[in-house]
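Structure in structure tokens, see below.
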Amino acid sequence: MIKAGIIGSTGYAGAELVRLLVRHPEAEVVWYGSHSYIDQKYADIYRNMFQIVDASCMEDDMDALADSVDVIFTATPQGLCASLVSEEILSKVKIVDLSADFRLKDVAVYEKWYGITHKSPRFIAEAVYGLCEINREKVKGARLIANPGCYTTCSILTAYPLVKEGLIDPMTLIIDAKSGTSGAGRGAKVANLFCEVNENMKAYGVATHRHTPEIEEQLGYAWGQPITVSFTPHLVPMNRGILATEYASLKPGVTADMVRAAYDKYYEKEFFIRVDHQGRPVETRWVEGSNYVDISYVIDERTGRIIMMGAIDNLVKGAAGQAVQNMNLLFGLPETEGLDQVPMFP
Amino acid sequence: MIKAGIIGSTGYAGAELVRLLVRHPEAEVVWYGSHSYIDQKYADIYRNMFQIVDASCMEDDMDALADSVDVIFTATPQGLCASLVSEEILSKVKIVDLSADFRLKDVAVYEKWYGITHKSPRFIAEAVYGLCEINREKVKGARLIANPGCYTTCSILTAYPLVKEGLIDPMTLIIDAKSGTSGAGRGAKVANLFCEVNENMKAYGVATHRHTPEIEEQLGYAWGQPITVSFTPHLVPMNRGILATEYASLKPGVTADMVRAAYDKYYEKEFFIRVDHQGRPVETRWVEGSNYVDISYVIDERTGRIIMMGAIDNLVKGAAGQAVQNMNLLFGLPETEGLDQVPMFP
Amino acid sequence: MIKAGIIGSTGYAGAELVRLLVRHPEAEVVWYGSHSYIDQKYADIYRNMFQIVDASCMEDDMDALADSVDVIFTATPQGLCASLVSEEILSKVKIVDLSADFRLKDVAVYEKWYGITHKSPRFIAEAVYGLCEINREKVKGARLIANPGCYTTCSILTAYPLVKEGLIDPMTLIIDAKSGTSGAGRGAKVANLFCEVNENMKAYGVATHRHTPEIEEQLGYAWGQPITVSFTPHLVPMNRGILATEYASLKPGVTADMVRAAYDKYYEKEFFIRVDHQGRPVETRWVEGSNYVDISYVIDERTGRIIMMGAIDNLVKGAAGQAVQNMNLLFGLPETEGLDQVPMFP
Amino acid sequence: MIKAGIIGSTGYAGAELVRLLVRHPEAEVVWYGSHSYIDQKYADIYRNMFQIVDASCMEDDMDALADSVDVIFTATPQGLCASLVSEEILSKVKIVDLSADFRLKDVAVYEKWYGITHKSPRFIAEAVYGLCEINREKVKGARLIANPGCYTTCSILTAYPLVKEGLIDPMTLIIDAKSGTSGAGRGAKVANLFCEVNENMKAYGVATHRHTPEIEEQLGYAWGQPITVSFTPHLVPMNRGILATEYASLKPGVTADMVRAAYDKYYEKEFFIRVDHQGRPVETRWVEGSNYVDISYVIDERTGRIIMMGAIDNLVKGAAGQAVQNMNLLFGLPETEGLDQVPMFP
């Protein structure tokens, strides 16, 4: 059994890791780290875990963890993982960092968009961007995984084959993304109160959201040169789910068959990516609770654009599920181990 | 592998059976019955099943099913199962009926509350009321299981130990129940449209709801004589979950310890029933997606009443989960097989 | 024009007062009091007021207010109004207190249920309980109005005629109430985050909720002697609305006609109370945004009980609307002035 | 008093017309037309109208209506108004058509996108597109008003000043719109059931939605030549509200001041349009229940694009409110008469 420790186990992403790992056949959680609930029973905070998890929360102590576990998940705000990691720790344990600390290769870009100084720039080069379907082989040998952001996972995977194959002009790419509220975390903020979110829809972080450079970097690798995209996230009155609606101009001469072939080339054998070539719009409800990415697209002859749509569960493929998928790769397990949840509807 | 057929697989309860059975280690669905979607791919109706279920819907043909499967689940409106079942069928196959047809032992009561003539009264005596925690042993040897109603499962289990042990006066029992909207089914009715249900709360079926005699019959067995209860269901703007708030006068001299002991006597060893003796109100979110029943209670010295609270997922323990639990008992499997879903939150 | 000041104008009840008063033909808000947002533009906090309210927030200074306005609304937590009010202030200005400070005549009961020392017990006797339909005449001549609680307004009005006329046994009264989340206020608490409330239903304050003694006191006046009730509030995933489902045993010999006559006697001429004698369950959506109280009832011959149902908008009739109704009475205006909003659906 | 008749008064848009008109100081509804509920009391269908509207539903008989009323509102599906209108009717009565029948000047475009034959093409030229802020003077003298679509109202007004002033390249315009579910109407369809919409987000009508040509036609007038846009609507789990997020490339040399000046030029004096030049994203909650259009924008230097955001209540400014605004103009009333509802939050 793989011994897992979670730093930040009492946030929504941490709790989702717990949900997945307590039923994982090859892993067990031995350290429920928390900043706010030390010594409280985990099941008193997340009462769905009553009679399932008996442990109490422990400190977010990475040094102690490194001696106790095989893999550490950091489900914490940006900055924390970078401030704790060290060569000694990495020599003992694998780290899957769910924060943004090691996602961007250019430390200046990180510091500009996040507004903080990076505490461990020396590990950035080594860190592997854990978008499993794209970087599978690199993940297998890594010590430090930068687990992708929720919006970015959905945004990148939806457009990746067309960028990679050069079928769209990536400089025309506009990503209009919509997220359930769990993406905003469990912090007590007025803006996230039920009455503020319910019966409302809004954009936020317009032209400034931090997932923008992450999308640009990864799609830039696919394209072969830097790209700039418009990315606008929106808050939706639902708990889970991200929907990305992406617009781009098709290159001249690109046909529906070429688009289909591109998606098939990269995704036909992927267990977690389901492409619907009939153009039926994807819906977040069809992936809820699962690690699937649903993708469909419509070619609009009138405008010469393709509208690509992607849907994920932000807490699973957008966070904890992908983290477990990375763990499976790191430890040589089948990639789908413990991740075969059927999407729950309604 | 147990071969299972589902009559009514395209309703919400049927779809939940599919969700549970496709990951059940000892069962497989070989017949996706449907009245409305014959020959359509199941995954085109429930697109969460894309690349998971490849089958198309077939007729709701119980005779044909009886020759093809080991167990038939009927997830259909009242009347259908009773109109289809026969001695020949029961000689070939087990039936778990999710409708109300075989729940009430007194056919006159059935016909009065449901307003239809019972088509197979000869099987009523044989049918076992499949509330597993109460009737476990009877279920094991049965051919025909009457799977309990959603409200009734929650209402009965919440009060059962106190009625059985004579700690409350059952004639004072008032059950105020609240349900998510999936309990209303997938029929296209104005009253169940999003805009009609959202931002609204209402009672319905006041003093006339059909689950009333079912609760009265089962709690009457526990009490040893007939009882009459007030039962009021309410519709809540959420997808899943039933909450029952139950009020009853404690018998003179009953103490908190006696209440605790009664719950422990019947439920301490039950995997799916979680009793919180601290009196923290149960919440539907803590059982969502799982087969758990959460129960807590508060003794109110001022009024001499006890307020009992129970929560279930109406589609799992209130329908499909309990049906699978019954199937497990029928086929000698561990009762929890395929039913260890961790409640999903948020 | 009546000059109005609001202490606590940036909570949900305060904001609803603003919504109603800015369109009131005989009143204007001249003081937007706030503890947290002093000097900020009101319309920056509640952006629905953009280009409608130009004022900035001011301190919650009751002395200064008393010299500036004709009526002060205190939409603040319990304790504040009692700590600020004085004889001098009451000699200058009318006060409508939306908190609980002056609702209970017995200061010991207040201090027990609220757990705080009352700072101005000398004004308790003078304060008039502002349930307009019951205490209309007393309100007209008052200086200090104790605006009723949201749950209590709904709970009392639903049962009042039957208690007053002696048609039910009030000692059997059980009130199961359900409220939208705006009743929990705008404080930043984890328990009220969108993801915690959405897709969930729970009771809270079981046997201990502070509105209990308020209901008991007022219905005790109607009955003529003290009564004890069970009152259980529940949190519902919707913004607005309270639904009270109330159970009581009918006195022997009470007929449907007698029940109807009792409701008509007290409510037939009331503009804001709408009684449906057909027994159709009331729904919160039919009163949303308005000052109406909808009431219906079902007599259950089987159990000898009557099930009464009442619905209000907790922010209007349960708070700000009733406060304006009290203001209208205090200043000799038509009681419905500025309160003729049609319920908004969907 | 203006006598108003409503054809289709029992749909959501029709019911919103009733809500607005029953409190309109200069109008009264004298004919509640309905296809499905003839002879039923209106207040039995919309119980918010209990004790407010006493009338019963009548046939959707435009000839009879023309002799009884001053203005007819047709809140019906496309095709009906065109099939009923005649020269004789228009000689007697004003018509405000909330359907799409007279919005598009090119009948071929109408027939292509709507898939039906236009029954009254002879009135298309005469009909005035009732987007009041743009076509105010034309509306005043019209007999037949084509009340704009909900998405189109929001989409056009959000971009209009920049198109009109030539500050953006309209061929780059991409409109990603999100709507509450009331926009889907009150028809009993599985896709609009609570459990299908709740906890879900999806696009629909991708590249084929019928509001596309309406947007293109109107913005084409502003631009001076035909334009083509990408328009994608989405369904959001909320009752009311449309949010349009619009992307376009700024023309070279366009500054923030020029953008601001363009918005001010057209909207500074408009009562119902509120432009926030600070770039705070608009939110549907801030306009709910009101006739306001909220607009804000962000200039993204990185991409050279401007992101414009607009929010309306789809049932008010997107349907019934704008219809009343048109009625006010037609009858020489102040444009805001009966339309000063303050947005209701929460």
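By letter and in written order, the chains are A, B, C and D; residue numbering begins at 1 in each of them.
Just so it is clear, a residue touches a chain if its C-beta (ideal position, glycine included) is under 8 Å from a C-beta of that chain, and two chains touch if they have at least 3 such contacts.
The structure displayed is predicted, hence computed values, not measured ones.
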item: Of all other chains, the one whose Cα centre sits farthest from chain D; value: B
item: Pair joined by more contacting C-beta pairs (C-D or A-D); value: A-D
item: Approximate Å spacing (C-alpha centroids) for the pair chain A, chain D; value: 38
item: Centre-to-centre distance between chain D and chain B (centres being mean Cα positions), rounded to whole Å; value: 46
item: Rounded Å distance, chain C centre to chain D centre (Cα mean); value: 37
item: Junction residues of chain C, two or more chains touched; value: 12, 182, 195-196, 198-199, 237-240, 283, 285, 288, 346
item: Graph class of chain-chain contacts, one of line, ring, star, complete, other; value: complete
item: Complex interface listing, chain A residues touching chain D; value: 174, 176, 178, 180, 195-196, 198-204, 206-207, 228-230, 232, 234, 236-241, 243, 245, 247, 279, 281-285, 288, 298-300, 302-303, 305, 307, 309, 311, 346
item: Residues of chain B that touch chain D when the two form their complex; value: 12, 181-182, 186, 188-190, 192-199, 237-239
item: Residue ranges of chain B in contact with chain A within the complex; value: 12, 15, 19, 22-23, 46-52, 182, 199, 239-240, 274, 276, 280, 283, 285-290, 294, 340, 342-346
